[in-house]
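So, here's a batch of structures to check.
Both complexes shown next keep subunit A, but they swap its partner, so subunit B is in the first and subunit C is in the second.
Take a look at the complex of A and B:
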């Protein structure tokens, strides 16, 4: 992957790898901050139809290289304010099932 | 963490990602120790088929800073569990032609039994956790992103390396 530019003020980057990158045809998206982690998948679904079911359902999420829990990922109630809030300048990444070796 | 970082060396652990050919001698020399009675080396090579379908080549990509962080964390755990003198783990990225090494792991220990076991555990931990992805390019059709645990998400790894 090439160098990803720093996000503009008031935004954060979401990085895509492997199947997530193939699905979106992108290496990253830029989203407005702040955003509760529970709203992340809906924000991505708005940009990439079906990404929740086809990709995100089997993915993990990191914020600044730490894995975070995504609340309500399987429920319709995505309005939850619980969990991490993604801040301006954070590096969020969608982590598909790994296949090293 | 420096986003261009491609290797970390810390507390008897060496981990790295590279687009170059892997060199067995280099990785062995990383773990050499006068207190070691054994070095075990694992070389993973790219196979020419998946479920009977011919594979042309493999492409590896990584979330480099996170992959290195995870490699270092699991290597430290393996060192502690088996009393190793050293461990080195290097993964190749980009296009890897069939039959070439995609990963090398070397471990050194005072005695061979610990080295054998540690080498196997290090590889299994790597395949389960390290944020590297393999795409198999098939003859005459597109490619497939492989999952080591097909249909199952990768597992989280905590500070002490325990999956949960």
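Take a look at the complex of A and C:
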């Protein structure tokens, strides 16, 4: 994996870790900003069908290295978080659990 | 039989037998040397550690972050390593070296040749031996001062309480979601901090959970594994090191980091009022390691406990009794994979059958499509086969 370039103007990067990277066969995607966090999974599903069920349902999501709740999925504790909007230049990461060892 | 081959077999058998005897002698010696009668300090000795220990631990004793106080805390600490594989080997080795008082090791497997490229405490001579015995033998060779306890079994909801209870801190060095949730649950219930790590292919993760430990529902406790990953990954997406592959140093790095975090925890004083160290933050970081990335280490800031966590929230119904009764089906929770079954038996042929078909047919050549990943294909393949990995048309059909 080389250095991941800065996203172009009006966009943000989504980094794929572990099985998310194997699933998409990519290290990252570039998506248009702004995007409410609640719409992130739908945007990714459009690019990689089945990613919601196979990867996103069990992964954790960060924005600029901070853990965030995703409202659509974590509906119980979404209230405080539903306002988070991914902005231009943000770095979003999709981090599935790794369980081997 | 070939007399040379015969002699080789006899020598091999004799070596295995002698190794076992040697091991028994070493264990006897270590037990005698560690017996309390030896603990009596010589007349006039007024220092907290034995003379031998000053020599052994001198290089870490002079660190301001350890000191005599930290070493004594290590000496009185009992640490449990669950899993004697790629993570458990380096983790246990460094913990033994650092001089923890008691080191427990849990694993029900035996050493295989395919373990040796990464499970550094085992050896070619110990293939077939219980992993627990092999790892303890290795650690005892490093440091006979430590008390070792082996559990030659896997952790289960039934034995978890009895195994884990006597320890101060637990390391999750296992390889499956079922054990990860079980270990996290028992650590929440018994109030033990948990140093959890994992690795696959060229990626690793590490996080210190349930630290500080606090009763269920208490906001003073750190998050548990379920707070971080409330939902297990789909069963058919769970890949083992045997299936997905693993680079030795990747899992090694993660195990070494677990030992480091454990030493830091103990030296700072688990559950003690820390004098100089500020109280551990309730929001730990998840460390991500990607060996092939230009940024190999990333640290994610996590949240405190999840208010609706199944295990550590105030509303949790999880109890020791509930766990022991087997009311939680971890296998069911993590999902069961049914083998791919798209062909009827009469539609399948073996490689041997295929060979005889090719050999007997004179005119029409058949096309053999090999859909395994190209790394598998390159290891061995049938002459004439065309390799198109399944993953390539899987991802083509997905990407729109």
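Criterion: the second predicted complex is superposed on the first by the 88 of 101 C-alpha atoms of A that agree within 3 Å, B and C clash if a C-alpha of one lies under 4 Å from a C-alpha of the other, contacts with A are read in each partner's own complex, and residues count from 1 in each chain.
Methods note: a contact is a pair of C-beta atoms (placed from the backbone, for glycine too) under 8 Å apart; a residue touches a chain by one contact, two chains touch by 3 or more.
None of these values were measured; they are calculated from a predicted model.
**Student:** A:49 in the overlay: touching subunit B, subunit C, both, or neither? Say first, second, both or neither.
**Tutor:** It touches subunit C, and subunit B stays clear.
**Student:** Look at the residues of subunit A and decide whether subunit B or subunit C touches more of them.
**Tutor:** After superposing on chain A, more of subunit A is contacted by C.
**Student:** Contacts for A:58 in the overlay, against subunit B (first) and subunit C (second): which applies, first, second, both or neither?
**Tutor:** After superposition on chain A, A:58 lies in contact with both partners, subunit B and subunit C.
**Student:** Which holds for A:98: it touches subunit B only (first), subunit C only (second), both, or neither?
**Tutor:** Once the two structures are laid over each other on A, A:98 reaches both partners.
**Student:** Please write out, lowest number first, the residues of subunit A touched by both subunit B and subunit C across the two complexes.
**Tutor:** 1, 3, 17-19, 22, 58, 60, 62, 65, 67, 93, 95-101
**Student:** Per the contact definition, I'd like the list of subunit A residues that touch subunit C in the complex.
**Tutor:** 1-4, 17-19, 22-25, 27, 46-51, 53-55, 57-58, 60, 62, 65-67, 74, 76-77, 93, 95-101
**Student:** Considering the complex alone, what residue numbers of subunit C touch subunit A?
**Tutor:** Interface residues on subunit C, with respect to subunit A: 83, 85-88, 173-177, 180, 197-201, 203-205, 228-234, 237-241, 244, 246, 251, 254, 286, 288, 290, 292-294, 298-303, 306-308, 391, 395, 398-400.
**Student:** Which subunit A residues qualify as touching subunit B in the complex?
**Tutor:** 1, 3, 15, 17-19, 22, 58-60, 62, 65, 67, 93, 95-101
**Student:** In the complex, go through subunit B and note every residue touching subunit A.
**Tutor:** Listed in rising order, the residues of subunit B that touch subunit A are 1, 3, 44, 60-63, 65-67, 69, 91, 102-103, 123, 126-135, 145-154, 156-157.
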